[in-house]
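Shared between the two complexes below is chain A, which has chain B as its partner in the first and chain C in the second.
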Partner chain A sequence: MVAPALVLIPVLVLLPGLVHGGGIDLLKEFLQAAITPSLDPLVLGSAVSGLGVTVGIALLGWAASALLGLALALASSRQVWSSCCGQTWPANFLRRLLAVPRSIHELLWGLLLLQLIGLQPAVAIAAIAIPYAALVARVLSDQIDALPSGALAALRCAGVAAPQALVTALGPPLLPGLLSYGGYRLECALRSATLLGVFGLGGLGTELKLCLQSLEFHELWTGLWLLLAVMLLLETGLAGLRRRWLMPRRLGLGGLTFTPLGPESGAGTRGMGQTARPDDLGRRGREMVLALVVLGPLLVWLARAMGVQPLALLHWQPLPNLGGSSWASVLALPWPQLVGSTLLLTLVAAGLAVGLAPLLLLVIAPWPWARPLLQLTWALARLWPPPLSALLLLLLLKPGLVTAALALGFHNLGILGRLLLEASDDYQAPAEIALQGAGVGPRLALFYGRFSGLARSYLAYGAYRSDVMLRESVVVGLVGAAGLGTQLLESLSSFAWDQLLGLLVVYALLTLVGEDLSDRARLQLLAPA
Partner chain B sequence: MVLLPAALPGGNPGGPSLLPPARAEQPRSQAKPVLRIGAIPDQKPEKLNRLYPLVAAELERQLGVPVTYVPVVDYTAAVTAFRTGDLDLVWFGGLTGVQARLQKPGAQVLAQRDIDVAFHSIFIANTGSGLKQIRDVKGLTALKGKRFTFGSESSTSGRLMPQYFLAKGGVKLADFAGGAPGFSGSHDTTIALVQSGAYDAGVVNEQVWSTNLRDGRANRAKVVAIWRTPGYPDYHWIGQPNLDQRFGKGFSRKLQGAILSWRTSNPLQKQILTLFGAQQFSKATAASYKQIEQVGRQIGKIR
Partner chain C sequence: MPVAPAREPVLPNPGPGVSSQELPWLELSQITVPGRGRPRLDRVSLAIGGGERVALLGPSGAGKSSLLAVANGQLKPSSGSLRWLGAPPARSGRARRRQQARIGTLWQDLRLIEELSVQQNLNSARLATWGWPRALLNLLWPLDTAANREALAQVDLGAELLGQPVSALSGGQRQRVAIARLLRQDPELLLADEPLASLDPRLASELLQLLLDQVTPRRALLLSLHRPDLLAGFDRAIGLRQGQVLFDQPASSIGPADLAALYDGELPGSGP
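The block that comes next holds the complex of A and B.
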């Protein structure tokens, strides 16, 4: 479980050569500004309105992706097709097709749509909705197809029409997993909306970037603390709902596993079967309906306040034909080097993130006071978009692959760390208590008693996260020498559409292969031992 | 890299609205058309936010049409917004101006500053870097192995022409420490980063450099100029091809006339000109930027 942290060794060996420390004064200023954020009403006002736009983009993008994803999930489910038409090939075909939008990072969608559509608020929303919908569709259709088909078959045999049978047979067992996964996607959407802002698609991210670029750290922290508050509020709120509605956790629970790619082997039903009593169920149902009733008008109000015009998405501005484009120039790009460094970047970042989370928990195990500190650091890591941490790292480190990997790894460490902590707190570990009773130190007890039980599902989640990191590697392109991402930004500012297209195709291919590999790794890790 | 108009920092007069200003002020209907002006964000946002609202107010007074300033997050954003018709009049750099005209045939070059006929870049260095004054292009080899930053990827004075001169002096981008130069995003940031020591050296637009020296933000004990490039044409105002259709016959000429009429004898116009670092604006033609286009093609920023 801690083995991926082995990448620390080469990183630590290379690090001294990369440190220049030239910007240490600026970094000090940055850290000091954390305790003295600007409270100027103008700064606060613009941070709040920026945050409003970011949250609006996240909510709308998320809602659109949930609806679209649900529809696509049904359309790409083998069970649905076989019970409606007796054929499964359309489901398989649609699944393949959906791999394409999924494989392209939301940032790339944003930049592409921007070129095609122009400055519309709907662009950022669509940029989140497209890849997310494809992801939701995949997860849900996998879940639907993994459900036992007995109930459905029984209903169909009893003469119930296909649509009703599907809802009755598949709805209830699917709901907890669906809601839990939906909550997780909302957290992701908030991070994505911030990131899109960093690349100029509006909202708080834009202001964070401008503040950092003009080195106005006090103003920067005003926005950061506000964003942190909203993020933690959302995370605790969703966790509260999950507990209240008895939905499954995301990470392994005593052998049963639920990863963001779906509850494996019926984990979805576990939450319900455990303690749900009829009156509980009634209360839960009422609350869910209430939540939906509140959410609907809120989304409509948000869309109006932001001036979102969905129809604008249909109004395309053709890309100008700049001439001079030639496939030779696309082929002339140093592909092996670009792909190689992108893969290396992903591996190093993944190793850092996956390996460091348990390692840090082990290190601080004897000191209870260090835990909130670690949690805060992880929260900041999740919050802080990777391109911004990359820019900060450049104050101390030379540009290059390791610097980019550190930025990407740090961000994902925040996400993985939180999940690990959540799962680890939930996990009943008599072994750990026994070990402690036997006089074993807190670190070893934690390692052998608790982590050993969690290792498989954690690593499985890590495999999924690595796949995400490969897609994300595009966002740290500004650090330079960071593979496809750097080239992409350069091609974009040269308006070299042909190169851009080539880069997108290669990115999509890479992520598809990566996804396949990480799926295999996950299945192997989650297979009953 | 960064593409959309940023929400106007600090500008939220109408209470806590979620409307991004770019959208709020954009007419879609037959209402009185608004002239939307923009600029490449080559300096600190606070300076841009001081200058361009003044320009908007003055043009509004002179032309009798509503004028708003729409900030953008980076150079590429300005070009894209011009192409998609979200900006009517933009203060472009040499390279971004050529990119914009190539993407929007018929776009009109309206005016440039007196200093834009022969603009210069200044290579600057941190005093602790050990870099000395450079005499000519060949001296740029001293930068090999140093941590070096450009401004924006699409900056004429902060990237394009400096890269051209570096190449002339035999320095490739991969020769810098870390195997690549940095891209700070703007001239002010380049100065701050080199002064702090985060980079050993960088290159900036001469006008921004002298402004920073004058107001004391550049500390001569920490950052010094080491070389001034030969001159080349740079910044200019470019207008949409359809201005006459939207605002009435002869509007482009009127707009050009208004910009050319600014004089230091008028207090408001003097403030604008001072912020632009110019004495006055003069007519410019697309032909003046042929050299920039050539270099742009050579370096691959124009295709």
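The block that comes next holds the complex of A and C.
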């Protein structure tokens, strides 16, 4: 479990060579500014309004993707199709088709739509909604198909029409997974909305980037702390709802409930301790309906306030014609090198993120006071968009693959670290207590007693996360020499559409292969020993 | 696998409960379901009338489950004809669903919806006649409490279980809830595929009695049974062997010789 951290060794060896002079002072200044953020009303005001836009984009993008994703999930579920008309090929066909929007990162969607449509609030929302809807569709349809079909068949056999039977037999078992995955997606949407801002699609991200580039660290931290507050509020709120509605954790790392098909959802609802009071079941449903009733108008109001015009998405600017003469320039790109460095970047970042989370947990094991500190660090890492960390690292390091990998790894470390912490809190480890009773030190007891039980599902999640990192590697492309991502951004800004198209295809293919590999790794890890 | 020697098909006995004027509740004629090697059902014909309690006997693999799956419309036979209350399976979806709503199946694995409360599960039997609004409302609000309470009382369960999630019930309670759900469906034809297979002997005979008690002049029961010692409450028994009907006669007239022929002399699980 800690073995991926071995990647630290070459990184640490390379690091000193990359450090350039003068950076240390700037970094010190940056860290000092953390305690003294600017409280100027002007700065605060613009940060708050930027944050409002970011949250708005996240909420609207998330809502659109949830609706669209749910519809697509039903349409690509084999169980739904076989129950409604006895055929499954449309489901399989749609599944293949949805792999395309899924394989392209939301940042790329954002930049593409920006070129096609121009700067519109709707662009950022669509950029989040398109890939997210495809992801939601995949995860949910996998969950639907993994549900036992007995109750559905029984209802159908008793003469119930297909839609009512589906809602009654599959709705309730699907609900916990649906809600907790939806909550997780909302957290992701907030991160994505910030990231899109960094690339100029509006909101707080744009301001953060400007502050960083002009070295206004005090103002930067004003925005950062605000964003952190919103993110923690969202995360605690969602966790509260999850507890209230008796939902499993987003990822049943500690339990037996991790389903190999729904990667990040831990969709298992069976086997969760059912401690519902008798009248809880209907109440939960009523509360959810109420929440939906409140959410609907809120979203409409938000869209109005932000001046979102969905119809603007239909007005495309004319594409520059793809002259046949320049295909040679596509072929002339150094493909093996681009693909190779993208893969290397992903591997290094994945090794850092997957290996460091348990390693740091081990390091702090004897000191209870270090735990909140670690939690805060991970919260900052999650919230800090990778391109911003990359820019920050550039203050200290030379541009290159290692810098990009560090930025990407740090961000994912925040996500993995929090997950591991939650799972390890949930996990009942009598072995650890036994070891401690036998006088084994806290670190070793944690290592042998707790980690051994968590390792498989943690690594399985790590495999899934590596696949996400491959997709995300484009966002750190701006620090240069980072493979396909760098080349993509370059082609995009120079309007080299033919190159861009070639790069997108290769990138999508690479992502799909990576997804397949990570699925296999996960299935293997989660297979009963 | 050696192919079984061809056997003279036994002609169906119309059975004591079917009068000439009354249409049979369930009628299978010359039903064949193909299988690997030999057919799972081989030209099976039988008829069951209202008020009849019929047991289906046979060694495992004899085709009992296939026969019940054909009878409740889940399995389409390759040849032969099927009639429910005198009518063949309808072609249009709506009419077919109306037919299916009159057939109640007690599944061996019960097929309750674990995440829902007892009340919601009982109401799910009414979905065939309810429209969308009530189907959705059932997930949010307790509906038809009086009718559900009555159904529970008929299976000796208290109304305090209505709000419990099904997953919180004991094995015996679950069986009873499944039967209560059938009562809420109020079917004319009651089918049960080895409902007693995984139960302890005392619970098995209690539940069997409960099922037998549900038969009224306008309701028929066809139940596949793995223990011939429980035949007492049945009117009729049908012996199935290698996909063919071996005997079809009043339950009281079944003797050791019939059973020996059916099971090759090895009686399954007779007595604890």
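Odds and ends about this structure:
One rule holds in what follows: the second predicted complex is superposed on the first by the 506 of 529 C-alpha atoms of A that agree within 3 Å, B and C clash if a C-alpha of one lies under 4 Å from a C-alpha of the other, contacts with A are read in each partner's own complex, and residues count from 1 in each chain.
The criterion applied here is as follows: a residue touches a chain if its C-beta (ideal position, glycine included) is under 8 Å from a C-beta of that chain, and two chains touch if they have at least 3 such contacts.
As the structure is a computational prediction, the values presented were derived from the model and not from experiment.
In the superposition on chain A, contact is made by A:G171 with chain C only, not with chain B.
Looking at the shared chain after the overlay, A:G414 reaches neither chain B nor chain C. Shared-chain residue A:G61: touches no atom of chain B or chain C. In the superposition on chain A, A:P385 contacts neither chain B nor chain C.
In the superposed pair of complexes, A:G355 makes contact with neither chain B nor chain C.
Number of chain A residues touched is higher for B, counting chain B against chain C.
Of the two partner chains placed by superposition, only chain C is touched by A:A151; chain B is not.
Looking at the shared chain after the overlay, A:G159 reaches chain C, while chain B stays out of its contact range. On the chain A side of its complex with chain B, the touching residues are 18, 20, 22-26, 42-43, 45-46, 48-50, 52-53, 56, 111, 114-115, 117-121, 123, 198-203, 206-207, 209-210, 213-215, 302, 305-307, 317, 320, 322-325, 329, 394-395, 398-400, 403, 478, 480-481, 486, 489-490, 492-496.
Those residues of chain A whose C-beta lies close enough to touch chain C in the complex are 150-151, 153-161, 163-165, 167-169, 171-173, 175, 269-270, 274, 276, 278-279, 281-282, 285-286, 289. Those residues of chain B whose C-beta lies close enough to touch chain A in the complex are 1-12, 16-20, 22-24, 44-46, 72-77, 79-81, 83-86, 99, 102-104, 126, 147, 153-154, 177-186, 188-189, 192-193, 196-200, 297, 300-303. Remark: chain C residues 72-74, 93, 96-105, 107, 109, 111-117, 120, 124-125, 127-128, 130, 132, 135-136, 138-142, 160, 163-165, 167-168, 185, 187 touch chain A in the complex.
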